[in-house]
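Below, subunit A partners subunit B and then partners subunit C, in two separate complexes.
On to the complex of A and B.
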C-alpha cells in the first residue's frame, strides 16, 4: 500500500511536526508553522515559474536553482520570524496560539487576493528538479536527517537546556539567568527555517502551490503530529508526523470507514498515551 | 545532584517505546520495495486495469458520489460481453491536492493503464503532472478550468470547459427576462473553480452590457452569507450570478431568498448536481444553469444510460456529472477494445499499452450519453451541443429536476 510518494509526504509531515515541536520545546505554543511553510513554497513556486534564468538548459530543473530558492526562502522566513517574533513572543499560552493563527490567516488572505500569487488557483506547472519521487525522498530524507541531528545536538547544548528550563518554569529559568526572550526567539526562528525549507521542496513535489497550504487546518494537523508523537524529545514529533501522514493511506483497505478510524486514533491517542508515543526519558534518561 | 540510574521499570518502558519507534521505519522500507516500473507485461487477468480517483470525502464528495454512480453504471452496461473488459478500481482522492496525488500514485503503481479523474480542477493541477511523467493517460470527467489538457500530452477531458458553457446561461436569463439591468456577482475567493468561473461570467455579463453592480466574495467553508447578501441587496439587483460549489452555493441561495430577493439566479457548474436539492430546498426553484448534458438527447446511447440510471435511482433523471463519468469510462473502454482488435495487448509491456491507449483515446470518436464526442489533438473535448436547464422543485421541497429550456 505504501509507495515512495507516500514516504515523501510522511517525511514532509515529520518536518512540519519538528517545526511545531521546536517552539514547544521552549514552552511556546506557536501555530505559525503553515505560514512559514507557505512562504517557503511561494518563494520556490514564484522563482521556478517566473524566473526563466533559473530554468537551466536540461530537461530537469537544476538543483542549484532549488538551492538558491532554499536560501532565499530561509532568509525571508528567518527575517519575518525575527521581526514578528519579538512582539508576538511576549504573549503566552493560548494568546500566543491565537496571534500565530492570525499570522497564518494574514498570509493566506494575502496570497488569495494577490493576482501575483495566482489567487485561489495558485501557481501551477512548477518545474521538477527530480525525475520521480525517489529524488524527493532523498532530498527530504537528507533534510529530515539534518534537522533531527540538529535537534538532537540542540538537546545537549546549553541553549537546548535553556529551552527545556523555560518550558518547565519560565520565571525560574529567568531567575537562573536564562535570557528567556532570546531563547524563545531562537526557538521560533529555528521553527520558521525548518518549515520554510520543507515548503520549498513541497512546492516542487506537489507541482502546484496555492493559499490553501497555509490554513488553520494545516496548523491543527501539524499540532496533532506532536501531540500524538510526544513533545519531550525530537523523536516524538518525527514519529507522530510519519504515522499520522501515513495512516489515512494505510487505512484505504478499510474503505469508507478510513477517516473515522483515523479520527479515532487522533482522539484516543492522547487519552490512552498522554505523554505521546515517545515518552519523557527515552532519549536522555539522565536528564533530570 | 547526581542523576539516579534508570529503574528496571523505566528501562522496560524505554525498550517498549523504542521497539514501537523502530517498527515503523522497517515496515515502511519493506513496503516501499517492489511495485510496477512499467516494463513488465500488462496484467490482463480480469480485464485491462483502469483506475478512477473521485472525491468521495471532503466538501467535493457531493460530486464524487454522482460520478461513482456513473462509473458503476458504465461498468455494468459495458463490461459483460466485451472482448477486453476494463478492471475498474475506484480510489478516494479526498477534496484536496495531497489526497488526489496519493491516489494517483497508488493507482499508477498498481498497474493502471489509464486513469479517470480527479474530481476537482485544483486537484488536477497537482496530480495530472505525475501521470504525465509516468506516461499514463488521464481522462478528466469533471475538470472545467482553463488549461487542464494543456498540462500534457497524456491529459484529456470529456467535460467541456466553463468558458464555453457558462456564458450560455447568462444569455438564456436575458432572453427570458430582457428587462434585467442590474447584475450582482458572488464567488468563493479561496476556491480555484469559483474564481476561474466568475471571471468568465463577469466577462459574459460585460459583453451583454451588464457590468456587475457589485462583486461579493465569500469563502468556500462559509455558512452564513448575511453580510454579503445585504450589501448586494441594498443595490437592488435583478440578476444574481453565483460561482460557488454545491454546499456553500446551496446555502447562499436559501439565505438570498429568505432575505427577500425575488429576481433571477444564474449558477455555475459547481451546483450542477441534484445533491443541491436538500441544501437549498424550495429556494432552488427557478435557478438557471448551463448544461453539457441533456437527459432528453434522443440517441440510443443516452436512452440506454437514462434507463439504467432511472432503474438504479428510483426514476430520477441523471445529472451531468454522472453522464460525464459514464462517458469517460465508455471512451476508455471503446478505445481499449479497438486497440486490442488492431494489435492484441497480451504480452505487451505496461508502458507500451499506456502509450498506445492514450493515442487511441485521442484519435477516436464516441457515441456517448453526452452525444457524439471526439478530442482535439491537445485533448480538449469536442462536443456538438450544450443546453440550459432550470431547476424545478417538487412540492415536498426535497426533490426536483433539471428541466431543459429550449
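On to the complex of A and C.
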C-alpha cells in the first residue's frame, strides 16, 4: 500500500505543514501557504515549458535548470512575502487568517483567468528531471531534511526564541525589546520560501499545473496537519503531514467513506488530543 | 441610467444571499469569537433539504437512489422546514465540534479544524446519500406568477430574485427586531459582549450559544434553499464558494456586526454585478479584493468596533 508515489506526497504534505507551522510558531495564523506553493509551481511550470534554453540536450530535464527555477521561485516568493507581509501582519488573529485566505483566492482567480498561465486547464507536459518517482523521493527527502534541520536550528537561536515569545504574549515580547514586526515578517518569509520550494518540485512531479493548486481547502488541510501533529515543535507538523496525507490513501479500501473518516479524524483530533501528537513535553522534558 | 438600475437590482438580490450567509457566521462569531467553517456545508444541506421537501427524487448515484417523499410540499412550507432541519444539524455541529472545546477553553485555532471536520463529514455524507450530480428544483413552484416581472423603463427582475430579496429582507428585519427587542435577543447580545459577566447575571450562556447556532443554521438553510431555487444545486460542494465569499462579506462588514453583515453582502453583490461581462472570470475575486483593501485600511471592518488590545 505504501508505494513510492504515496511516500513522495507524504513528504510534500510534511513540507506544507512546516510552511504553516513557521508563522504559527510566532503566533501568526497565516493561511497563505497554498498561494506561495502555487507561485513556486507556476514559476517551475512556466520556465520548464516555455524556455527552450533550459531544456538541455539529454533525455531528462537537467537538474541545474530545476535549481535555477528554484532560485527564481524563491526570489519571487520571498519578494512577494516581504511586500505583502508588512501590511498584512499588522492584522491580528482571525483577521490575519481571513486576509491570507483572501490573498490565496485572489491569486487563484488571477491564475485561472490568465491564458498566459494556461487558464483553467493549466500547463501540461512539464518535463521530468528524474526517470521515476524514486528521484522525487530523494529530492523531497533532501528538501524536507534541510527544512527540518533549519527549523531545529532556528529553535535554538535568539530569533526562534523571539518567535516563541511573540506566540506566548506579543505585548510582553515587545515590552522586552523584541522587534515583533521584524520577527513576524521573517517567520512569514521563511514560510513562503518553504512553500515555494515545495511547489517547484511539485510542478515537475505532478507533470501538470493549474490554478486549483491554490485553494482554500489546501490552506485548511495543511493547518490540520499542524494542529493534529502538534504545533509546539517542528516534529509535530512533520508527523501530522506524513500521517494525514497517507490517511485518505490508506483508507481507499473503505471506498466512499474515506473522506468521511478523514473528516472524523480532523473533527475528533483536537477534541481528544488538544496538544497534538507531539506535545512539547515529549521532546524536551526539561521544559514544562 | 436603466443599466445602472438593472445592475443595482441584480446586485441586490445576489447580495441579499451573501448577507443572509454572513449573518449566520456573525451570530456564531459574536457569541463564541470563532468562525464556524461548517457553515458552507449547512448551506448545502439546506439546499438539498429544500429539494427533497419539494418532492424531488434522489438521483441514481446516491445510496438513497430513487427515494422520494410521498408528498410534495409547497414552497412556502418547504423553505422554513428546510431551515429548521438545517438548524437541527447546526445544533449537532455545535455539540460535537464546539462544545467539547468550549468546555475546556481551548485555543480558537482548534475550532477552525473541528468545524471544518464537521463540514467535511456533512458534505461527504450528502454526496454519499444523494450522489454528486446536479439537482434542479422543479420549475412551477411560483404557480401562476410569471418568470420575469417588468418594472417599466425596460427594467426587469426575475420573480425568483424578487422573492429572494423579499425573504432575505424580511428575515433580516425580524432578526434585528428580535435581537434588540426581545429578552432572549438581549441575553444573546449580553453573552456576545462578555460571556463571563453574562453568566454572573444569570444568563445561561451555554443555551445562548445553542440558540445562536440554531439561528445560524436556520439562516444557512434558508439561504441554501433560496439559492437552489434561483440557480439550482451544482453538487454537494456548491456551498463552499458561497461559504468563502460569506467569510469575505463578514469581515468586510465587521466581524460580529449584524448591520455590517448586511451592508457587506449588499456591497459585494452590487460590486460583482458591476463587473463587465468580458471580465466575468474575475468576479469571484471582487469580494476578496474589497476585503483585502478594507482590512488594511480599517481592520475592524466597515461597521465593526475597533479592537482594543488588552494586557
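Convention: the second predicted complex is superposed on the first by the 285 of 288 C-alpha atoms of A that agree within 3 Å, B and C clash if a C-alpha of one lies under 4 Å from a C-alpha of the other, contacts with A are read in each partner's own complex, and residues count from 1 in each chain.
The definition used in the following text is that a contact is a pair of C-beta atoms (placed from the backbone, for glycine too) under 8 Å apart; a residue touches a chain by one contact, two chains touch by 3 or more.
Predicted model, so just to flag it, every value in this text is computed and none were measured.
Using the contact criterion defined above for the overlaid structures, shared-chain residue A:189 touches neither subunit B nor subunit C, since it reaches no partner. In the superposition on chain A, contact of A:74 is made with neither subunit B nor subunit C. Of the two partner chains, neither subunit B nor subunit C is touched by A:47. When the two structures are aligned on the shared chain, A:259 is found in touch with subunit B and with subunit C. Touch criterion met: A:112 reaches subunit B and subunit C at once. In the overlay built on the shared chain, the residue A:14 is in contact with neither subunit B nor subunit C.
Using the contact criterion defined above for the overlaid structures, shared-chain residue A:101 touches subunit C, although it does not reach subunit B.
With both structures placed on the common chain, the touch criterion links A:29 to subunit C but leaves subunit B unconnected.
Where the contact sets of subunit A with subunit B and with subunit C meet, they give residues 112-113, 256, 259.
In the complex of the two chains, the subunit C residues touching subunit A come out as 34-35, 37, 96-97, 100-101, 104, 106-110, 112-114, 116-121, 124-125, 127-128, 240, 244, 247-248, 251, 255, 281-282, 284-285, 288-289, 291-292, 295-296, 299, 307, 309, 311. Considering their complex, residues 1, 3, 6, 10, 13-14, 17-18, 20-21, 24-25, 28, 31-32, 35, 56-57, 91-92, 96-98, 101-102, 105-106, 109, 122, 125-127, 129-130, 133, 145, 147, 151, 188-192, 194-196 of subunit B touch subunit A.
Residues of subunit A that touch subunit C in their complex: 29, 87-88, 90-95, 97-99, 101-103, 105-106, 109-110, 112-113, 171, 216-217, 220, 223-224, 227-228, 231, 256-257, 259-260, 262-271, 274. Here subunit A touches subunit B in the complex through residues 1-7, 9-10, 108, 112-113, 119-122, 124-125, 128, 131-133, 206-208, 210-212, 235, 239, 242-243, 246, 249, 252, 256, 258-259, 277-279, 281-282, 285-288, going by the rule given at the top.
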